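Each of the two complexes below includes chain A, the first together with chain B, the second together with chain C.
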Partner chain A sequence: MIETALKALFILLYATFVGFMFMGIIRIVTARIHRRVGPPIYQPILDTIKLLSKKSNITHGLIYDFGILYAVGATVLAVMFIPLGNVGVLRAYGDLILITFLLEIPMLGIMFAAMSSGNPWAGIGAQRALLTLLAIQVPLGFAIVALAEYYGTFSTYQIVMAQQTMGWSIAHLPLLLAAIAYDLVLQAMFGKEPFDIMIAPGEISLGPMVEFGGKHMGLLNIQHAIALFAETLFFSNIFLGGGVVTAFASPILNTIASLGVLLVKQVAVLLVATFMAAIFPRFTIDQAAKFYWKWPTIIAALGAILASL
Partner chain B sequence: MNELALIVFAPLVAGALAWLLDVKGIKEAIGLIGAAVPLAYTAMLYERASEGISFAVNLGVFDITFRLGQLNWFFVGIAVLVGFSAVLALVSTAKDSYEWLFALMSLSGVLGVFLAADLMTFFIFWEVMTFASFMMVLHYNRSASLKYFLLSVAGAYAMLIAITFIYAKVGSFDFGAVQTVFAQDAYAKMLGGQATFSSTELMALFGLFLVAFGVKAGMFPLHVWAPDAYSETNQSYTSMFSGVLSKAGVYGFILMYILIGTRLAVEFGAFRSASKFGYIIAFLGGLTIIVGGLLAALQEDIRKLFAYSSISQVGYILVGIGVGTALSMQAALFHALSHALFKGLFFLIVATIVHRTGKTTFADMGGLAEKMPFTFAMAFVAILSLAGIPPLVGFASKWVLFEAVISQNLPILGGMVFFGSAIGFVYLIRFTYAVWFGQRPTDLDDTKDAPLPLAIAMTILALFNVVLGIAPGLVAKELNKMFGKEIIGGNLFVLDLGFGKYNALAILIYLIAGLIVAAVIYFLGAKVRRVPVTDTYQSGNPVTMDYNLTIRRNFFLPLKEALAFWLRISFDRLYRDIGAWVEDLAEVLRNYIYNGNVQSYAWYLLIILLILAMWGV
Partner chain C sequence: MEEITFRIAPESKVRKKPSFLKPWMSIKYLFKKPVTIKIPYESLEPAKDYRGFHTLNWKTCIGCNMCGQICPARAIEMTWIEVDGKVEKRPHPKVDYGRCTFCQFCVDVCPTNALGFAESYMLTTEWKDEELQLFDWVPIPPETFREIQESRRDWRFPVERIKFNKETKEVTYYLKNGEEFKFKILGYGLKPPAAAKPKPAAKPAAKSVEKKEEPKAEKKEAPAKPEEKKE
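Up next is the complex of A and B:
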């Protein structure tokens, strides 16, 4: 009981810290692509501390507060189910479909909070976010279907273990196709260009985030960090072989090594997304829908059909 | 008197009494008793359902027979629970005793359908149910009711033809006898022998049943009656109409599997791991999910949105039934239960909104969450359940269904159900935004919260949504009993399918833990100051209540534009065109044949005589 609680706490702290580092990495890498120096890597942590310590906060009602709490809570929930090397708390229940759903539901909280503010920009942002969600769901669904059919199990942990013997998922053609589609979907899940339509700074004043300030925004920063960590972790687990290191005799060294391996894979996923984001301009929402319903869907559906043969 | 007869006829008798007496206060009480009696008896018969109870009365020409088994008990349980809540809600919203009569009559009809033990009883109660629900719609809107009636009649007579056809060959209406004949046929066919029904006849039977049950379930492309009929009637009644009456179609499909399923599977072979005929049902179900969901997102009327959403959700059940493995059947039954629970709740919420505001379009609403906090809390439960947010019952059933479909290596169906889950999310947020949040029109300022009977009805359904969501094992146990073996394993809180596990309790615990962590950070910060809705960012401009800040019309315009090509294809229009064409044909026939010219009637006589002469009479 206490051991589980400690593990959960460790996962939470680790995910938050690494997530913030990821946010810093994105900013540095983007800056370097633009030939700027950029902020230090811990800048997002400073931003969050500043936001949390604001003296004046506003609220538009109960749901405005609760939506934010729900978003953070649901993200924490999601990260618990994803196997983190050999640390996972609930990895026995880390079902593919469950995690896919859990990674989406924090958005529900953000939407609820944003919409309860009654701001028209938030309304537009919610509309765009929902249409993006709808657009990515088709290739995402096919990618998940391809994975489940290839491995014959829905357990993320068993998929990680299977990759230990069979090689990484992306080494098999059907799953490579699924991984390509999923990577394109990740761009929208991270909220990065060319699919950052829901936030769209400069176009719709941050959309759903427009009314948040102070501690609400600080909490959303934390949520974003954990979500970033969870999404990259999930991708690394299902497509890049996860992190199971058994080379050392000591379990602690094994754990540290597998976290390190996972971290490298996660950063790789993150860098691909950042590179894409730095060189592509934003799509409009109908372009995004048409794009996702065309190429990624075809690729992922092909992968799913090949996997089921 | 037998308990089964009491269950079936109590609502009918109560409805008739309420209609005859028509005294305020008394008719409500009688109606409630009429719905409570089946509920109580169904609960009492829970233990005895496994041994099977039957009831028969001879009407001279044929018998009316009822039988209660595990499967029937499950469906009857759904019907009496949602039916009772709907009837409770009718106390607040019924306009007159006419509604009591027909609402209760349709409850009787649907209970009879679920308990029928032979095809004739099934058909009779099917017609009672259709007629009563037609009368409910007719009370509000004539054209919507006629559309519903015409399609229902087409479905019912397709079923009647199929039934007479089976009777002609089998010589009995009894389910057991029919099942035996078809099972023997299946064996005969497998061993290369002679079968009673040829493959063309079988295909015709399948087609007829597909139309018959497809209409009731709202299967694409026979769904067009549902948006009008569900919206143009008392919304309290719709919670039964959509929650229970659409399950009659689902039950029909399951019955088709029981009666002629083996024979169909043997005759038409398999497509991958599903049978071919099942795949047709599943594929149509998948299209139903997508079409219903997309159209729900584009509606501007709160009732229409939920009508299409109801169609979309039934699509899931059809997919589960179509795939046809024991697990997917269980998933379909599970989703049938959760659909009845959350959709019943949703229509009660709609009933409350319509009852309190008198408005139905999104353009007239907004900001109601502050005025109706209780109803909003109920809506919150319903939204989480329908959108498939763990740990509510909507997620548990959807999860089982997803795994059941995908584990059978059916990738296209898998993609379809995935799309359905996202579109569910999309239209619900639109409902949430336009009705509950944002700026409130000034004429809604004195809106009150739900009246007591509606509030109790909503609470009943919401409790079931939560409890069965946290303890999905309760439902799984019931379903396993129905199939006689453990297909969904696990315990009270865990569903275990072998290749996937779902732990609802862990989700609840960690969600609460996550919320606590977030709350601690939140409460460590400085205090918050409440600001009005007009104190907001509008590109740095001042805002007053004269501005409309909430997007209430055409919320999903980009979606509409992206789908412009597909939206031009409308089955509703196709049926209207066919209808207009038939009317024209009738007009033409009237003009040419009954043309008022005596000489032409003389010519008809001559032609008939010539024909008779040619026959050599």
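Up next is the complex of A and C:
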């Protein structure tokens, strides 16, 4: 019992810390592509500390507070379900549909909070976020179907184990197509540039985030960090072979090695997303919906069909 | 009638095709050196004759108020000054950096080249009254300014602190090189205040005279402005 609690705590702390480092990496890489130096890598942590230590916290009622907690809770729960190398609290139960669902819940939580603030910008942002959410469902669904069809299971952990013997998912053509579609979807899930329509800084002044400040924004930053970690982790688990290393005799060494391998894979996923964010301009919401229902859907559907043959 | 043909580039030569792959070219900048000046560690040299703060040669200034007339922001006001107990015959310009736009028209128009400028351009203070005094000064002589600028090369305002004693009307500039620069401001405007007129009065009387002058000096200032416009 205590061991499980300790494990959960370890996963939570690790996810938060690495998530913040990911946010720092995003800022540095974006800055380097712009030929700037950028902030130090721990800058998001400082930002969050500063936000959490603000004196005034504006609240607009119960739902406004609850939505944020809901988002954070859902993200934490998602991290618990995704297998993290050998470490995992609920990894035996983490099936693809559940995790995919849990990764989208935070957006709903933020929507709750934003809509209850009564700010028109937040309303527009929420509208756009929900439409994005709707648009990414189709390719996401097909990608998941392709995976499940190919491996014959919905369990993420079993998919990771299957990749140990069969090679990485992206080595197989149907799953490669699914991975490409999923990668395009990741861009919207991260809230990164071509599809950051819901946040749209400069266009609708941060959209849903417009009313948040102080502790709410700090919690949202933490949520974003954990979500970054969870999404990259999920992608590298199902498509990049996960990270279960059994090369060493000692279990601790094995754990550390698998965490390291996973980290490299996660950073690779993150870098692709950051590059795309740095070089492509933002879509409008109708273009994004059309795009998601067109190319990623076609690619993912092709993958699903090929997988079922 | 001659026919004129205008060259217009055809649209086919101007318009580019949208591409998915070309934006990826910009990733090459990831590995190039950032073009950034890390300001606290590196410094940027301003161009020669960068329009910065003013310098004033107190010996050659003839108090003609040309600078005050041309100043588009009316940042320049003539000031009657007493240095080392000796009243200057002519008023000197006082520049208010709260209003100054650094166009340096005053420098161009100065007939004796008494007003000049140096490259220093940084002046930051907090919102304290005694620090805000820094924004209002009679420029110091160019030699002193240049010396401070060359020795520090941080392109900041050469004065650390300005102290204005309201009772004795004594102004002290604490310069960045540790020197103190003292003088008295007797009055403002074009017409000399009563204290500025050479009057070898008895010394105990001088103080009471000075106090009375304050309102007078201000009153004189008011009519002085319409005069400027007439000119």
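Throughout what follows, the second predicted complex is superposed on the first by the 309 of 309 C-alpha atoms of A that agree within 3 Å, B and C clash if a C-alpha of one lies under 4 Å from a C-alpha of the other, contacts with A are read in each partner's own complex, and residues count from 1 in each chain.
To be clear about the criterion, a residue touches a chain if its C-beta (ideal position, glycine included) is under 8 Å from a C-beta of that chain, and two chains touch if they have at least 3 such contacts.
This structure is a prediction, so every number in the text was calculated from the model and none was measured.
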Combined model on chain A: chain C and chain B, fit or clash: fit
Which superposed partner A:L77 touches (first chain B, second chain C, both, neither): first
Partner chain in contact with A:F22 - chain B first, chain C second, else both or neither: neither
Partner chain in contact with A:I285 - chain B first, chain C second, else both or neither: first
First, second, both or neither for A:G152, with chain B first and chain C second: first
First, second, both or neither for A:L12, with chain B first and chain C second: first
Chain A: partner with more touched residues, chain B or chain C: B
Partner chain in contact with A:Y182 - chain B first, chain C second, else both or neither: neither
Partner chain in contact with A:S117 - chain B first, chain C second, else both or neither: first
Partner chain in contact with A:F195 - chain B first, chain C second, else both or neither: neither
Minimum C-alpha separation between chain B and chain C after superposing on chain A, in Å: 22
Contact footprint of chain C on chain A as seen in their complex: 29, 31-38, 275, 278-280
Complex interface listing, chain C residues touching chain A: 23-24, 26-27, 29-30, 32, 34-36, 38
Interface residues, chain A side, partner chain B - complex: 8, 12, 52-61, 63, 65, 68-70, 72-77, 80, 90, 92-93, 95-98, 101-102, 104-105, 108, 111-112, 115-121, 123-124, 126-128, 130-131, 133-134, 137-138, 140-142, 144-146, 148-149, 152-155, 205, 210-211, 214-215, 218-219, 222, 284-286, 289-290, 301, 304-305, 307-308
Residues of chain B defined as touching chain A within the complex: 272, 367, 369-370, 387-390, 395, 399, 402-403, 406-407, 409-412, 414-415, 417-419, 421-423, 425-426, 429-430, 432-433, 436-439, 494, 497, 499-503, 506-507, 510-515, 517-519, 521-522, 524-531, 533, 535-539, 549-551, 555-556, 558-559, 561-562
